[in-house]
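Shared between the two complexes below is subunit A, which has subunit B as its partner in the first and subunit C in the second.
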Partner chain A sequence: MDSFATIVSVIYQFATNGAFLLLSAVGLIVILGMMNIINLAHGVLMMMGAYTASIAWHRNVPFWLCVILAFIVVGIFGAVLERAIVRRFYGRELGALVVTWGISLILSQGALAVFGPFLPAIPIPGGSVAVGQYSFSVYWLSIIALCGVLIAGLWALYNHTTIGLQARAAMQNAAMAKALGVNTDRIYMLTFSLGAGLAGLSGALFAPTVSIAPFMGQQFVAPAFITVVVGGAANVITGAIGSSVLLSLVKTPIGFVFGAFVGTVALLFAALIIIRLMPDGISAVLQRHIDRRNRFA
Partner chain B sequence: MARVPHILKLLSGPEDIGRSWWFWAVFIAACVFMLVYPRWLSEFQATNIAYYLLNVPIALGLGLLWGYSGVLSFGQVAYFGIAGYTYGIVAGNMVGDDFGPIVGSLCGIALCAVVAAIFGYFVFYGRVQNWIVPILTLVLTLLLETFLGQTAGYQWCVGSVQLGGYNGMTGIPGFQLGSHVLMGYDFYYYVLISVLVIYLGLRLLVNSRHGKVLLAIREDPIRTELLGYDIRARQLVAFVLAAVLAGISGLFYVQWGNYITPSQVGLLQASLPVVWVAVGGRESLLAVLMSTVALNWLNYTLSSEGYQYALIITGALLVVVMLFFPSGIVIALARELPKCGLFGRRKGHAA
Partner chain C sequence: MSDQSSNGHTSNTDPTPQPGAASDEAKADRRKVLKLMGAAGAGLTAPGFGATYLRGFEYTRSVQAQGNSPVKVGFIEDESGNLSVYGIQKLHAAQLAVKEINEGKTLKGGPDIGAGGLGALGNVAKNPPTISKDGVSLGVVNDGGDKSTEVVFDEDADVFIDSGDKGILGREVSLVSLDGQSNNALWQQLARRLIQQDKVDVLVAGFASAEREAIRPIVDQFKQLYFYTNQYEGGVADANTFCTGPVCEQQVIPVVQYIVEKFGPRGYTLAADYNFGQLTAAWTKAFAPLVGGQIIAEEFVPLSVSEFSQVIARVQQAKPDWVMTLLVGQNQQNYYPQAAAAGLKFPMASTVNMAQGYEHKRFKPPSLANMHNAIQYQLEVPTARNRAFVKRWMAMFPEDQYIGEMAQNTYFTIHLYAKAARLAGTTDQATLKKALELGWSIEAPEGSVFLEPGTHHCAHYIRLAVCDENHDVKFVRDWPSIQAWWLQRLGVNLVRHPEYKQYTPDEDPYFKMFLKKS
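Let's look at the complex of A and B:
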């Protein structure tokens, strides 16, 4: 029984780290995969999600509704951002990086000016369950489960809807998709909005576990960027899963022995070594593998 | 001595704005003015101007990297911090020794070069996509900030110097030549002359063969490679050089204020060099130099009103410039003003 509980505990550690990385990065990966743009305002969008959740929760909105609200509010904001600014930078990756960075400066400082240095916290919903001598947070268990739902949802969206089909077409060859009548402009807007919404969603989900402040996004951006770099842009879903699983395998044992900070440093080193071996990320390698198998099937 | 005309011709080569006789006359006049200007300033004002100037090397390095080589880095402040902290540790442990500051400076610059070379090896020799370099450099600087932030307490000291956690390292010795400590006016001249030498040196570099190869890589990496150049090594060299320049700014900073805190390598500080370079115009060293001094002055003036608004204005400036003057304000002026006839028929000259 003892060893069973230990195994469960180890799996739990890996899964929480993986879920953390996946959730931090998923919004970024969705945008990157479509437009080859890194959204440096990602951390700030997560902050906006947490702010939305905190404001709603303290107006007695149930927590699950706060999370959905954060997704919708930040998603709409993302659509506005895309129409007003980001769309002028398609094809200029570095320009897009810099301009989203400028946006994040304005928004985080603006949040500081409007809301002050912090917002009231949200208590962690749910209690804990015990297995053997270990106890596990119900909240983190549901976040892990939610990650699975999220990935399944994204998979269904990309593979079983017309929009998803058009999105994949635009990813592969935008000019061709446009020639075949796909409204790529609309696809780009929806994708950016989806990516922003997912950032807001993860911000809201992380809100109970951290202090809600204008610069709270900072603590997520480093792991999120590493996850994206390792995952690559070739395939959103394999990239997100592959990279968060692999990095969790690095971070969990090192973080357990040497502490959380060294765990994050190890992520950076892992990323450097991985890009030396697979410059386009795990998703490119997996994609090649899938393509080859499909050809023989 | 036969090389002197050659060097002058190279200095006035096509890869920076400002090549006419007029420009050089104005440039030399400006230099002379900067040299005699402190006569009318208090020592305090001269030190302030030295502060605007000390950020020029990090910006010029980023300009070289981003504008001329096409590699964007968000983590130049990491090297700024590495050099500053290294100088603080080495010079702080050699207090009383006249050579302490010089040894400290050399160690700081060497460490910057080593870190940049290791980092650059993985990035450039992996031939990663364009967007990965800025992301990973940003992660590097964020991790450095986190690391330095948790170094509070007596166990975090090197020799007799404490790292100091979020309060930072204090009491860092100033720069000295022999037994003469450079302060006030002397420090102003030390920074001014270093900045001029760095600017002119970089201008020589971008107009030299090596500079042309960097430009070629920016325009078309594959074609450059097919012409027989090792683009990985060239980009790595530019990356290391930019890191060293950022380190020089870090050295000036700790020698100027005698302290450094982890927030110097934080997210907000990391954004500033990118803003200076983007606003001035990344494809001209002169534009970068001018906008760096101007924006530092602006930021200094605004922050006495209230720092939070200063950063909102900085961010707004960045977005507006990226939207309406993608090549930078100074470059846009340099292109447009001669057409308006304001400056007669001089070409490629602004300010």
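Let's look at the complex of A and C:
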């Protein structure tokens, strides 16, 4: 029983670590993978999601609605941002990097000036379930499940809708897509808005477990970028899943045995080695594998 | 050094050395003392001769020529960033103290030349608290008839008195306050600015030990009079620095003793991964065996971490009798709601949490249930003088949610500075450092605080606060005065031998001895 409980606990830790990485990265991955914009405002968009959720929650809005609200509010904000600023930097990667960084400074200091150093916390919804000596947070279990839903939704969006098809076309060859009548401008706006909205959604989902403060986004930016870079841009969704699973596979057992700090160090080392071995990320390797199989089939 | 008074509780240190100690010191340092006495003329540097101190001040009074420009209190705390939950309280404390000083108010207290802190203690506890073995049912009530506190208090409200002075020596006090933004590099810039550009008369600054260590070299470079008001890991022996918060020996041992008696020997330490967390964990590990406990595992968490599910699983696996949580900052505080959501129910001990970041007010019950902290102050301290203090505070800052340990320290420290400046008749920093080395008692909201001259640390009134599942706080044990004795054992005497360093447990052979045993 004891060893069974330990196995369940390790699986739970593995899933929470993976969900944490995936959720931190999902908004970034959409924007970077589809548009090749290195969005340094990612952390701030997550912060805005958490702020939206906290403000709504303390006005007696139910938590699930707060999360949806965060997605919508930050998504709309992303669209405005793209129209007003980001679109002027398409094709200029470094310019986009600097401008998004500037946006993040203005927004985080602005949040500090307007809302003060922190907002009231949201209690973690749900209780716990026990297995043997271990007990697990129901909220994290729901986040893990939600990650699956989110990935399935993204996959369906990109593979089974016209917009998804057009987005992939615009990503592969913008000029050709344009020539074929795809409104790439609109696609870029929608993609950026979706990425921003997803960042806001993750921010709202993390809100009960973190302190809601102007600079809260910073803690997610590093894991998000590591996940995205390790995942690579060849295929957004396989990259996200592949890298969060692989990184969590490294972090979880080492963290469980040697402590969270060593676990984080191991994660960074793993990222270093993976990028050295697969410079284009896991998704490029997976994509090559899939392509080869398709060719022989 | 400490006396045992006839009614059973420990007393404050008498600044006059014991005959034996004095002769030992004199033997060792006769040459140096003679040299110093010769140089100083008035003999300001020799402790234990009350009259010479006063003669020294007569002299400095006559050179008082400071005009009517405001007295500048330089102040840095984190008003934003990871540590702002503490910084804002401390800023408000400073603003309240400065306002009161300018309105001609002060706290009771003064230098205890020749008399030690005994008289001061008598003001607080007229009957010594009797402590039972389990520490919970003392069967006494305070004079408000409130049985829930279970500790004897003498209600002594009128510690807030007229100073007979407007501001300090007739000069207005102005607070020059800057936001350190929880960023050590910025702290250094701001300290330089306050010292070199604003030329502040006194610097009151510092939350995290990393911040203090970042600015202390600058303080020493300019011989700036500096107060560090935080609870911390201890060991700072710096002739320019006065540490008015409690340190490990005043908190770790009481709380570990209580929790071992009540819940069993096996503890699991969860600490912030920087100098405070590392050193406090070392104290816990070294001293737990002395009170029958044992630290079975330690884990250090980086300050940026706010996701604890893996840490929680490790604690569950270890099945300790209690968990020592030394978590710092808004990121790490999320351990509590996460642990509660994951169903963790181990009793907890701490020297920082609850009393500083008021986690029990910010997180949903029962996140902090069964938290034990040997605090020196927190808002709930059930005495009349504290209720009066809270009332004054809330009149000035009606929006505030809490007054924590460090906020109270900042408050009484600035009042203490004003009192010392009045006695010295000057705000000259070198003279004021001597004046502060007279052996001061001040009647802070927590109780009597005694600033021990040799180590520049304070003896504090320590109470064991316990948080219940509804997040109400009970005080189950009282220690009316616990000294910061560790630097004394290491032989630190800043009055005779100025130094500018921080001692760590590595430099104390006793720690290694205890560690081998455990």
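Definition applied: the second predicted complex is superposed on the first by the 295 of 297 C-alpha atoms of A that agree within 3 Å, B and C clash if a C-alpha of one lies under 4 Å from a C-alpha of the other, contacts with A are read in each partner's own complex, and residues count from 1 in each chain.
Rule of thumb we're sticking to: a contact is a pair of C-beta atoms (placed from the backbone, for glycine too) under 8 Å apart; a residue touches a chain by one contact, two chains touch by 3 or more.
Small disclaimer: the values here were computed from a predicted structure and weren't measured.
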| item | value |
| --- | --- |
| Room on subunit A for both subunit B and subunit C (clash or fit) | clash |
| Touching partner for A:G197 - first (subunit B), second (subunit C), both, neither | neither |
| Subunit B versus subunit C as contact partner of A:I275, first or second or both or neither | first |
| First, second, both or neither for A:L97, with subunit B first and subunit C second | first |
| First (subunit B), second (subunit C), both or neither touched by A:N36 | first |
| Which superposed partner A:F215 touches (first subunit B, second subunit C, both, neither) | both |
| Subunit B versus subunit C as contact partner of A:T6, first or second or both or neither | second |
| First, second, both or neither for A:F136, with subunit B first and subunit C second | second |
| Touching partner for A:F256 - first (subunit B), second (subunit C), both, neither | second |
| Partner chain(s) touched by A:L112 [first = subunit B, second = subunit C, both, neither] | both |
| Subunit B region in steric overlap with subunit C, selected from 96-104, 150-158, 222-230 or 276-284 | 150-158 |
| Residues on subunit A lying within both footprints (that of subunit B and that of subunit C) | 112, 215, 218, 261, 264 |
| Residue ranges of subunit B touching subunit A (in the complex, touch as defined) | 66, 70, 72, 74, 119, 122-123, 125-132, 134-136, 138-140, 142-143, 146-147, 150, 267-268, 271, 274-275, 278, 308-309, 311-312, 314-319, 322-323, 326 |
| Subunit B-facing residues of subunit A, complex | 32, 36-38, 85, 88-89, 92-95, 97-99, 101-106, 109-110, 112-113, 215, 218, 221-222, 225-226, 228-229, 233, 261, 264-265, 268, 271-273, 275-277, 279-280 |
| Subunit C partner contacts - residues on subunit A that touch it in the complex | 6, 9-10, 12-13, 16-17, 20, 112, 117-118, 120-121, 123-124, 126-130, 133-140, 208-211, 213-215, 218-219, 252, 255-256, 259-261, 263-264 |
| Of subunit C, residues touching subunit A in the complex | 79-82, 84-85, 87-88, 273, 299-302, 304-311, 313-314, 316-317, 319, 330-331, 333-334, 337-338, 340-344, 362-364 |
